[in-house]
Structures are given as C-alpha cells and as structure tokens.
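Structures given as structure tokens follow.
What follows is subunit A paired twice: with subunit B in the first complex and subunit C in the second.
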Partner chain A sequence: MAPEQILSVNKLSLSRQSGKTDIQLVHEVSFSIDQQEIVGLIGESGCGKSLTCLSLINLLPRIIRADSGEIFFQGTPLNDIKSSMMRSLRGKSMAMILQNPMSCFDSVFSIRYHFKETLQSHGMGWSKNRCRHICDALAEVGFENPKEIIDLYPFQMSGGMLQRVMIALALIMKVALLIADEPTTDLDLVSQNKILCLLAKMREQHGMSILLVTHDLSVIARLADRAIIMQQGKIVDSGSVKAIFAQGQHHPYTKALLNAHFNLYGSHLERSELEIC
Partner chain B sequence: MLITTTHNRTKKNIMHLLELKGVKKSYVQGGFFGRKRHCHVLQDVNLVIDSGTCVGLLGRSGSGKSTLSRIALGLESPDAGKVLFNGKSLSEMKKQDRLSFRKNMQVVFQNSLGSVNPGFTAGQIIAEPLQNFESLNSKALQQKLENLIIQVGLSVGDLKKYPHQFSGGELQRICIARAIALKPKLIVLDEAVSSLDMIIQAKIINLLVELQQQLHIAYLFISHDLRVLLKMTDRLAVMDKGRIVEQVDIIEETILQERQLHTAFTELMEAILPKIPKK
Partner chain C sequence: MTTFKALMARKMNWFALPVIMVILSMAVLAPWIAPHDPSQINLEQKLTSPDSEHLLGTDHLGRDILSRLIWGARTSMGSVFVIVNLVMFFSLLVGCFSGYLGGWVDTLLMRICEIFLTFPTFILAMFLIGVLGMGMGNVIIAIVLTHWAWYARIIRSLTLSIKSREYIMASQVAGSSHFTIFTRHLLPPIMAQLVILATLDIGHMMLHVSGLSFLGLGVKAPTAEWGVMINDARQYIWTQPELIFYPGMMIFLAVLAFNIPGDTLRDSLDPVIRAEET
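The block that comes next holds the complex of A and B.
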C-alpha cells in the first residue's frame, strides 16, 4: 500500500508588517508528511520553524500574516475552513507539544481535570470508563502508577513528566499528526532519551505521523525518517536522513550544521553507536 | 565511590584555588499550608578546583548542580562544611579578602536575557563590574570596554546596543565579556551553552577555550550534556541526588568504559544520542 499523505504544505509564505515595510519571515516553504512518517525540521533560532508549525494548526499570532500558500490535511484544504471546523481538528486530529511543558498546563487544576477538559471540548463525555482509558494512556507513556499521577498538580511534576502527560493527551485523542516543537530542549539527556523513545513507540504502535522541530541534529539522527533544513525562512536542504548525514552536495548551512554536530563527538565517544531502545 | 586523582595526592601541599569540604545544604519545603519537609540538596560534597583547570559538573536536572555552584560562588552559605578560596575559609574571611574573592569569582548563566539589565547598553553591562572594583577614568574605561568586546568576538559599535537588539548567542558573549572584565581566577558556567543552537554553541565553546588559554582562568562547567563536557574539561565530577558519585580525569584518548562506573554516569552516557542515523 502506498503511504498516504497526511499533510502537505505548498508554498507557504508568512510576513509581519513593521511600519510601512513588510518583513518576510517564511518564504515559499513546501513539504509533506506521509502517514507514519517522522519528519525533522531543523534550523537556527529565529528561522521560522515555530511559525511554520503554528500556521499548520492555524494559531498564528495576529501580527503575522499568511501571504500565500496552501495547507492540506488528510486531503482537506485548511485555508478557508470554518473556525469551528478548525477547532475540532485541532487537538482531535492534530496536536502540538511544546518546548516548555510547565507553561502548557494550568497550575490550579489537576491532571485529571486537564484530561476531562480536553475530552469534553471534543464532545466526549466523562465516565468511569474514561478514567480507565486515561490511566491506560498514562501507563503507556511510562508512568508506573497512573492512579497517583492523575491527581497530581502540574507544579508537583518535573518537566519530563509533564511532557509525557502532553503526549498522553495526544494519545487519548488518537491524533493522526503530532507536531512536536522542540519537545526535549529543556530536558536533561536521560529524560530526552525517554521522550524520544516514547515518540518512536507512538509511531510504531499508533501510526502517528510526527513533525519534529529541533535545533539539535542528534535528535534528527535518532528519530526522523526525513529532514528539512531551514535558514532565514527558507528551506535550504531536504531529503532522507541518510542522504543528509552522508557526505555529498549540501547547502553551506547544512555543511556548517553537520560540522558542528560531528565536532561535538570527540574521540571519547567513538563507541557512540549505542544500542538504543 | 570517590576516586581522588593521583595528581592531587602527589601535590598535596599545593594550595587549591577553590575547595569544597564536606558541604551540606538542605532547603525547607512546604510549610505555608502543608507539613514542613527538609529537602537535602547537597550531602557531603567534596570538590577541588585548581587554577587554570576546567572541572566539569555533570548530572541530571535536580541533582544539586546549581545549588553547588551557588555555594561555590558564596551566594549561599552551606549548612555544614567549608568553602575554601586560596586556602581561606569563606565564612571567616575579612572584608578585604571577601572583596578579592568576589572579584575573582564570576558566573555566566544559561539565561542570558535574564541575567542582564534590559535598560542598560552592552557597554554599561560590561562596565558595571569595572566600576565596582576598579577606579578608571572614562577614557581608560572606554578603552577597556572596546578591548573586551573585541576579545569576545563582537565589534566596538555593539557597545551602544541594548540587550533586545542582540541574539541569544551574542548576548551570551556579552555576559562572558562581563565575567572576564576583572580578570577573575574562576568562572562558573552554569549551563552557559545549553540553550544555544548547535553552530553558536560550538562558537561559544571555542571562545571559552581560547579565553582560558589567554587569561589562565579556571572553569567550573556545569552541564547535563556529556558531549560538551568532554570537549572542554580536565576533570569530570558526576552528581546524583546531592552527592558527587564519581570523579574522573579526562586525559586524551581515555576510554571511559574501561572502569566500572557509577550508574548515574553510565545512565547519562547511554542517553547520548547517536551521531549518525542507524537506518
């Protein structure tokens, strides 16, 4: 069976008005994501990675204007979709996890309430059965005692734990596309590895497609099938991960990125081909 | 398991630049509504930093790295144990010694935007420690500022800019310029390169290595990324749950897997992501 395209972006341009001049922030970006595929989007800070992500779920800040471009999600064009329709897509079919999980939860509500709110806003009721589903989802993202976790408040949990709760929220909605915007940048290496393993598992077992935004090439090397490299609002290079990491004709920026990446692995780490889960 | 280095054993009579001896620290948690609880952040920590060396401090988040750095900087006092600077205990220092301690210890934090005054220009930011410790006339000060900003790889024109006009990497360079302004003996780098993107991170690491060779500064380099630490440090201390569980000398071509290492260390080592994709 040919892989089905879950998302395709065609010549997306974003700009911001500053005084009388327009500042072009994202320039004719086109890419697509197949079903069960993990696509890595990498670039320096301020190159428009996050804006591209936000435009996919139609949550751009007001001052940013989409000049042109089309976005298709599972074959449906998202450009002139009704906002109520968009609301039901967002969270139900595609979800986003962010860099700073602390700011994504409301400190005065427990984890149980966050699940309840998400489920109810998508028209799913609350019952005993649901509670079991939530516990299952929490267990699947690696919590050993989901019954205890469910009554905790966000400030009682660490960054890595909250990131896993975010993934559990996406899991319970059975989203088709997960947009992960720097999901592990704030975490230490051990938690980072856990989250990346978890994302790989989501893809294997639930057929999620993932758009993985990062500034760290090793995250791409660990997880992605294809990589897109952005610089100053433009895609400068893209291809399979194998091709990107191989020696060959690359854009100068890609080369600089690879150089910095390979330099980080000194002679001490030659055995870096570690077995990972 | 604490392995003191042979280097320290043979030169025992030599005074260390900074020495932490049996340092303990605990914070009180809760208490407003709930039950008070003591949270032991540091337990019996011993660490030695010699002048001109770079000591790496590795650990997961919450292992007590930052508390240790705050105690080493004298920003907090330990509950038990001693901090010795050039052989003198921090708690018993006279005013003059304390001033010289302050002058010789500098710090660079992870969040560069949060560690500068947004209303100051880069020039004012770098000038602040100089004005506090050295009485320079305005011409000499300007000359010194220009030298410093060039030393960290920015241009003289940047002295007039405000923090929001810089990128994260550039602002981190200004924080480094401020830290080296007084020619300190030791700089604490608390995750100083962790939030920068890869190319800029590599540039800042190169800058730090260069400055160390030029100015003979010692670094206490705190990070959770073993890759970065292995590039820079002479000795690596690994923290876990408030204790230093492992100290290893990093000599070129050291094969780290030769010895039985503490699980906290191996865990962090195994979490290093692959260099190239497996597929």
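The block that comes next holds the complex of A and C.
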C-alpha cells in the first residue's frame, strides 16, 4: 500500500501584529504527514509548535494571523474552507490531545456527557448501541471497567486517565489525524508510558497518523518515525528519527538537544521499552 | 427531585424555603387572606395596639397593619421579581455577547455600559422617573436601566475568564458549534454566579423601590408597600416603634430567606462540592 499523504503544510507563516510592527512567530514551515506515520515536532517552549498545531485546526487566537502558506488535509485545502466545514472536520477527522488533561474537561459534566457532546456535534444520536461503542473504546484505551468510568466526573479521575479518555474520544470518531500537543508533559512516568504505548497502538491498529508535539526527545525516540526540529519559528532540521540520532551534520540546536538527551539517557536509541507494554 | 433533596439536606433551607413560601403565598393570595382592606382609613382607630380585630394593630391613619404587610408583599416582591429578571436578561445579553465575541462589539457595548456606570444610580433613577413620569412601571424601568450595566460588566469578565479555559478549547477542537459551547459550557457557570449575585441584590432592589416610593416617585399614596410603610412609621419611631419593626422585619426576612437557597442551590448543583460531601 503506497503511503497516502494525510496532511501537508506548505510554507506556513504566522505573525502577530504589535503596534505597527509585525512579529514573525512561525516562518515558512513546511512538512507533511503520511498515513499511519508518527511525526514528532520538537522544539523549545515558545518556538511556535503549538501555534503550528492550532493553525492546522483553524483555531488560532484572534491576534495571530496566518500570512501565507497552504495546508492540505487529505487533499482538501484548509485555507479558504468554510467555518462550518472546518467544524465538521474537527473532532471527526482530526482530533487534538491537549497538554493539560485535567483542565480539558468541563467539571460540571460526566464523561458520558463529553462523549455525547462530541457525537452530537457531528450529527450522531445517542443510543444503547452508541453507549456500548463508547464502553468498547474506553476498554480499548485501558480502562478495566468502562461502565463505571463513563459516569465519573472529570475531577474524580487522574490526569493519565483523562488523557486516555481524550484518546478514546478520538478513537470513537475514528479520526485520521491525531494532533498530540505535549500529551505527556503533565503526567508521571507510569502514565506517560501508558499514553505512549496507547498512541503506538492507535497507529498500529487503527491506522491513525499522529503529529506528536513535545520538547522531550526521549518521547520522539520511542515513538516517532520522523522528527522535525523547530527553533524560533523555523524548521532547523528534519529527517527520520534514526538519521537525527545518528552522528553527522546537524544544526547546532539539534546537536545541543541530542547532547542533552544523551547525557540524560545514554547514547542508544531506546526502542525496546515499547515491547514492555 | 434530586435537586430538591440536595436543597433539603441543608438545614438552613429548612428555615429559608418555608419563609419564601409564606412570603410568596402572601403576595399571590393577598386579596383572599388579608383580613381588612389595606387602604381603608379609619381615623378613630389610629395607632391602636394589637387586638382580635387588628392582629398587629393599626397605623397613623387607622389602617390594618397585617393587611398592609400582606398586600405589601405583593408590591414589593412583585416589583423586585420583575426588576431582577429584567436586569439579568439584559445584562446576560450584553455581557455574554461582549465577552464572547470581543472585538468592536465588545468595545461598543462596554462604552455604553460605562456611560451608565458614571451616573449615581439613585440620581439617574430619579431623573428617568422625572422624564418618564411617576408610577410603579416607570420605577421598574428606571431601576433596571440603572443596574444592568453593573451586572453586564461582571458577566463580561466571567465570560472572558471562562472562555479562556482549556475545556472550551477542547470543546471547539471536538467540533462543537458556538451555540453548544455557549449554552453548555459558558452559560451554566455564569448563571451559577449570577444567581448568587441576584439573590444578594434582592434586598438592595427592594430598598431602591421603597426609597423612590418615599420620595413620592414610586408607589402612589394608598398602595401598601413595605418601604412606604417604614417611611410612614418614621415619625412614630419613639412612640410606636413596632410600626417600623413589622415591615423592617419583613424586608429582613425576605432578603435573608432569598440569600440562603441561592447559595445552597449553587453548592448543591456543583458536582465538585457534591462529591466532596458524599
């Protein structure tokens, strides 16, 4: 099966107007994601990773403007798309996992309601059958008794659990692209491990493409096929994860990142951990 | 039913809800339960002590106090009810639009708000009544016009703070429409705050109505109203202090009783607090 391009971003530039001058935040960023591919986007805080993600789903803050660039999702250009069309893509074809799962759920509503809202937003009703699907999805993301989970309120669950509920939400909608914006940053190591295994499983069993945004190189090392390294709004390095981790010609920032990583974890690519889960 | 149970689980409501029931039934059933005509003047029987005929005595014009208290509930509670609802409606409309849409809509609406905020409320209300003419309807209009801006401001800032929460973003990412986000995630927390604010303000509104009535701008002379009754009894505060005590007590009880369920309603509907208790 020839890999099909799910997403391609072509020379995307974002800027923020402040007074009379424009501040360039993201500068001519281009990349693409193939089907069933995990692409890691890595860079320091404030380098424009999250903004790039937000522009993919057309939810940039009002003060940030897209100056140029094209975004194609499954071959459809997203630049001039109607907002109602965009809305039907969000959640249904592309989902996003946010950094802080604890605050991503409205604490007034149970997990059941959150599923309901997403389903209803895309014109799907509520039925016994649906409820079983949700329980199946919850079981698949590793909950042992989904029937109890579904009636819990967000504040009764841990960050790792909520992050898995987020993934279950993407799973039930059968999204093609999952944007994970620092999905493990706020979690403890055990939960991190679970989430990363889960993301790998989503790719293997459900054919999702994943854009994995992080500033943790070890996450990239474990999961991603390709990595894009951003610094100050520009892509400074990109390539397969093996190539990035291999010794060779790299941008100084990449080298700095790799050095920091190797000092922490040693010089080998730790892929074996994946087998544990 | 669960809401009712939750309300009843709080002992304070065992006091508040019956008081509210009594006051409301006084307002609704006034013509049937009042023993006398509240505006029947009988100068021979003025300032009498309580007896079997007049259970709470009579005022300086010989009118039955109990009947006036019962009819007063109707004017006071009725006007406050209308005022609070109108204020909430307009301020929700303005505040939510302003906060949610932002941009020039926000700027325009907030400048209009500021115009209303610059005037002292009571003076503006008096001016409006001067323009519109006297009467209860105009008192209501004046108080609504002078109070909505405060509420709109608070609602706008609530909207802004809730709008930037991550779960609103998550809901957007999940593909929810603006309508769903607004009605499901924005309105409930705003209403929770607004209900408390409104219940706390009921007493304030009541005093406004009676204050304007005292100046002769609100309720017309024979109509029974708690504020008017206090003002009538002012001259007899040393000789007949109970005259000022009865309507004052009614206002006090009403304000107190309306504050308690407002608070507990919020607490009992909030799943976070509810879970802590169980």
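Please note the rule applied: the second predicted complex is superposed on the first by the 265 of 277 C-alpha atoms of A that agree within 3 Å, B and C clash if a C-alpha of one lies under 4 Å from a C-alpha of the other, contacts with A are read in each partner's own complex, and residues count from 1 in each chain.
Please note the rule applied: a residue touches a chain if its C-beta (ideal position, glycine included) is under 8 Å from a C-beta of that chain, and two chains touch if they have at least 3 such contacts.
Computed from a predicted structure; not experimentally measured.
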Which superposed partner A:121 touches (first subunit B, second subunit C, both, neither): second
Practice item. Could you tell me if A:74 is touching subunit B, subunit C, both of them or neither one (first, second, both, neither)? Key: neither
Discussion item. Looking at A:44 after the superposition, I want to know if it touches subunit B, subunit C, both of them or none. Which is it: first, second, both, neither?
Written reply: first
**Asked** Now for A:8: first (subunit B), second (subunit C), both, or neither, which partner does it touch?
**Response** neither
Examine A:36 and indicate which partner it touches, taking first as subunit B and second as subunit C; both and neither are also allowed. neither
Per residue count on subunit A, the busier partner among subunit B and subunit C is B
Going by the contact rule set out at the top, does A:156 touch subunit B (first), subunit C (second), both, or neither? second
Item to complete: Would you sort A:91 into first (subunit B), second (subunit C), both or neither based on which partner it touches?
Response: second
Within the complex, subunit A is touched by subunit B residues 60-62, 167-168, 195, 197-202, 224-228, 230-231, 250, 252-257, 267-268, 270-279
Subunit A contacts subunit C in the complex at 57, 59, 62, 87-92, 95-96, 98, 100, 103-110, 117-118, 120-122, 153, 155-156, 166, 169
Listed in rising order, subunit C residues that touch subunit A in their complex are 102-103, 165-167, 169-177, 180, 184-185, 188-189, 270-272, 275
Listed in rising order, the residues of subunit A that touch subunit B in the complex are 44-46, 158-159, 185, 187-193, 196, 215-222, 224-225, 241-242, 245, 256-257, 260-269, 271-274, 276
